[in-house]
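Multiple structures follow.
Here subunit A shows up in two complexes: once beside subunit B, once beside subunit C.
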Partner chain A sequence: MLNYLIRRLLYAVPILLGVIFLTFVLFRVVNTPEHAAINALGPKSSVDARNAWIVNNGRDLPLYKQFATHTIQLATFDFQPSITTKRPMGETFREGVGPSLCVTLPGFILGLCLALVLSLYQVFVRNSAADRTITLICVVMMSLPTMVYIIFGQAVVALGLGWFPVSGFTKGLDAVRFLLLPVAIMAIISLGYDARMFRAVFLEEIAQDYVRTAHAKGLSATRVLSRHVLKNGLIALITLTVGQLPKLIMGTLLIESFFGIPGIGNVMVQGIQTSDEPVVLACAYLGALLYLAALILTDILYAAADPRIRLS
Partner chain B sequence: MDFFTHWLTQDLLLILGLGGIAFLLARAARSDRWSRAATRFRADRTGVIALCVVCLYLFIGALETCRVPVGGGATKSMLDFVIGGIPDERSYSAPFSNQILTDTKPQPDPLKSQSHILGTNQLGQDVLVQTLKACRTALIIGGLTSAIYIPLGALFGIFAGYFRRWVDDLIQYIYSTLASIPPILLLVSILFVLGPGLGSISIALGVTGWVGLCRLIRGETMRQSERSYITAARALGQSHWNIISRHLLPNVMHLVLINFVLGFSGIVLSEAILSYLGVGCPVGTASWGVMIDSGRSELSRDPVVWWNLTAATTALFGLVLSLNLLGDSLRKAFDPKRG
Partner chain C sequence: MPLLEIRNLAIHFHTEGGVVEAVKGINLTLEKGETLAIVGESGSGKSVTGLALTRLLPEPPTRYTSGEIIFDGKSVLTMKADELRKLRGGRIAYVFQEPSTSLNPVFTIRNQIAEAIQLHRPELRDVDAEIIKHLDLVGITNPAQRLHDYPHQLSGGMQQRVMIAMALSCQPDLLVADEPTTALDVTIQAQIMEQFRELRSKLDMAIILITHNFGIIGNFADKVAVMFRGKIVEYGATKDILGNPQHAYTKALIQCIPRLGAKKRRLITIDHAALEAAGA
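Moving on to the complex of A and B:
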């Protein structure tokens, strides 16, 4: 097990280096020092100030030296502070993780449960009118842009009916008031896509021999579904859901920004809208790191859930 | 970039693009698998209707893309000839209303024209005209992006699946690296470098979008390579190039087509999100994403301006839904057992 883990970690190292190289090319090579200086100091800055910035940030050094510093900076999480807020990225992340998780974790779990129930029901009544109707509804839900769900939720449920505040966030238990609507929207947004995918997974599972055996030995359809199909289907679903974990920490861009929740997603949106390169770079790198961690976790869980897969 | 913004180039590119797709489909229809799929597809009513709707959008987008000079260096699109000539107002006006909504209160102000079927937006432009014009933006971004990511994904996928060994390792390494960066941040980073514009958006979406197709084609190529017809082709001493272009490519093309249709809907949705983030279409382009984004402030004003958002959402939804349904129908037509 330990052996496998170490090999898996070593396999992630070249990919991480690739990520560092890619971000270096995008942010340091293609993006000229002059452009970066203007971005950092504003269009009104003097030429002298820009030149000083270029020297101070080591952007006049040869590329291989710049690559070395870039790699060391990213590997030691020594990010440059944000241009607009001037705050270090570490602090921003520490403050943002909590609010982000407050929205994404319940939203993710709720959405997962809804999709599981819906897809199992579809498999139960497969090829009936109800199954086809739900599939069509799922396609309709997939075809609406995220913003429409959010704008609709804010305009009708929050503003029109007045059940929830339109946006905002507080600390402590009082936050629930602000969180209910974004959590509900997050659960619904991916429901169409997830339910369709889960349905396909379960349908594949139901065609297997062991299901026929279970039916043949006289188990009820409900029992076959809940005991056998669900359990085996879940193994396939591990890959599909554990890959979502980085998104939970990185927050949801649109929901956080529309509802004014001070999470990492919001930080990213502001960084993007103000062309704040250090913020985008730090977020991209952390996102990649979390993604690789989630991949390793997926493999381990996969092996733990399915004894046929051996780790060596 | 003058070359690309010239009306003649755009017309030619449009004809080239549509002609290319028609040519490929006509060639593919000769093969057995495709003609069987076409027969099955014709029996699928949802798919046929979806195809008609997609073609309608394509037609409107093509009309708006196709420009002709009208003298004095100005150009007019074919769409302008059909629905042009609707005058702009000063600001918002509701559908069928002849009043202008200003910041204070609706003024009983006669509009320049009779009334606008879908009202006007903040700049006083007719919303129906803007919604139709935005078909072009969606069509161009979708078309250019597909023209970049489909060759990349299909070729890399086939190479990885056919040559295996270090080629496979290298291609897998490249796409694992690309896939590990959160897609939206990678897109934005590329757009920072390229600057705004329809071309940059397409390049960014194309460069980041080929991973899914590549994985799919790689897997399918690996399965096909095990089949005896490939072994036979190899035993006959056919060149790698021949095996890839004559045997493998035709046998994975249906996956490319399905991916193209479903991917197109994803691209249209991405454009909307990028426009919201402020790295989407340049100011002044008619785009559904920009219209939906402006709907945010319009819904919170009094009286509520809902027509701009509704028109853009409906138009976008219609295209994406028909593309999704069309993709599903194609999948069923090509693979009736698993569909």
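Moving on to the complex of A and C:
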């Protein structure tokens, strides 16, 4: 197990180098030193100031030297401070993780539970009118863009009915008031898609021989579903759900910016809007790291859940 | 009163492609402790008949269009769901063809057998001891050490023995073994059949052995029903049918049994059109 983990982490190294190389090309080559200087100093800065900035930041050095510095900086998480806020990235992330998780974690768990319950119910009443109606609703939900949910939530539920504040965030328990709507939207955005996929997975499981054995033992249909089919189905669903974990930490761009939640997604959106290069670079790099971590976690969870798989 | 009586049973599948008449009005009786073999080629309706005994076929598309199944005086086709569940596993237990897929891959052997025992024999205190007893009964060595194994850790023959142990663990009155050796290697097939013979003499339990192979039923079944395209074309004592088959289809099936030391001949092919024309 430990051996496997070490090997798996070593496999991640070349992928990480690829990420570092790609970000280098994007941020240090495609984005020319002149551009970077204008971004940092503003369009009204003098040419002298820009040239001084380029030299100070080592952007005049040969590319291989710049690449070496870039690699060392990323590998040691030595990010440059934000251009707009002048604050170090570590601080920005530490502050943003909390609000992001406040929305994404409950939204993700709620969405997952809803999709599980809905899809199991559909399998239970499979091929009935109820099953077909739910499928139809799911397809409609899948077809609606995220913006529709957000605008509907803000315009109708928050403004029209006045049930929730339109946007905002505070510290402490009072935040719940602001969080309910974005959490609900986060939970139902992917519900249509997830429920359809979960249903397909469970329908495939229910045709397996072991299900007939379970019925032949005299188990009730509910127990066959909730124990035999669910456990096998969940294993198939691990890849589909664990891959979404980075999204939880990185936040959801649209929801956070529309609801004014000061999470990492919001940091990212503002970084892009203000061409805040260090912020965008740090976000891209951390996103890639988290994605790699999720891949490894998927493998570990597979092994934990499925006795047929052994990590060695 | 016989243990099981099937009267004029017909089973249809209503699929998108049309109606499949899988079983077309069959009659069978089985006394307590008796052994019946249902023999016929693939697709003749044997499994459908076996599964129908506890209504394990999915409804829809399955429809029981006529007849009745009387088990121990009760009509299975009109039974309530909870009564049916007591029958399944508790009084009629199954062993299926594919042991590797019939066991749930993510639960241990102990877990799967215990589930059946706790359901049908809730009064039993020491469930593990009962599981070990049954694993031992079906010829699994060191049963206590196997309890926490998962199905994939066992060979095909061992998996099938676990299936048999699970079926026996609730002390059923009838064991339905549907092609229990077909998926196994030839030597393992012989061992499993030997196990069934031994169990038959040890336990007071009726058995329905479903097979396409006439070769394995000698010395085992008291009675044989030969199925051909959803009908029983010949039904009687095993020794009568093996010794003096009446129906052309039965004769053809018996001729298909490979005999040790027999001169090599071309394998016999069955002329279905001729049989059908003869009114099978």
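As a working rule, the second predicted complex is superposed on the first by the 312 of 312 C-alpha atoms of A that agree within 3 Å, B and C clash if a C-alpha of one lies under 4 Å from a C-alpha of the other, contacts with A are read in each partner's own complex, and residues count from 1 in each chain.
Everything below uses one rule, namely that a residue touches a chain if its C-beta (ideal position, glycine included) is under 8 Å from a C-beta of that chain, and two chains touch if they have at least 3 such contacts.
Keep in mind the model is a prediction, meaning the values are calculated, not measured.
Aligning the shared subunit A places subunit B and subunit C next to each other free of steric conflict. Within the superposed three-chain model, A:228 lies in touch with subunit C and out of touch with subunit B [touch as defined at top].
Note on the composite model: angle subunit B-subunit A-subunit C, taken at the C-alpha centres, equals 90°, rounded to the nearest 10. By the document's definition of touching, of the two partners only subunit C reaches A:210; subunit B does not. Contacts of A:220 after superposition on the shared chain: subunit C is touched, whereas subunit B is not. Looking at the superposition, the partner that touches the larger set of subunit A residues, subunit B or subunit C, turns out to be B.
Contacts of A:305 after superposition: subunit C is touched, whereas subunit B is not reached. Once the two complexes are overlaid on the shared chain, A:158 sits clear of subunit B and of subunit C alike. Looking at the shared chain after the overlay, A:97 reaches neither subunit B nor subunit C. With chain A used as the common frame, the shortest Cα distance separating subunit B from subunit C works out to 12 Å. Subunit A has no residue lying at the interface with subunit B in one structure and with subunit C in the other. For subunit A in complex with subunit B, the residues that touch the partner chain are 14-15, 18-19, 22-23, 26-27, 30-31, 139-140, 142-148, 151, 154-155, 159, 246-247, 250, 253-254, 258, 268-269, 272-273, 275, 277, 280-281, 283-284, 287-288, 291-292, 295. Of all the residues in subunit C, the ones that touch subunit A in their complex are 54, 56, 60, 85-90, 93-94, 96, 98, 101-108, 115-116, 119-120, 150, 152, 163, 166. The touching residues of subunit B, counted against subunit A in their complex, run 173-174, 176-182, 184-186, 188-190, 192-193, 265, 269, 272-273, 276-279, 289, 292-293, 295-296, 299-300, 309, 313, 316-317, 320-321, 324-325, 328.
The residues of subunit A lying in touch with subunit C in their complex are 127, 208-210, 212-220, 228, 231-232, 235, 305-308.
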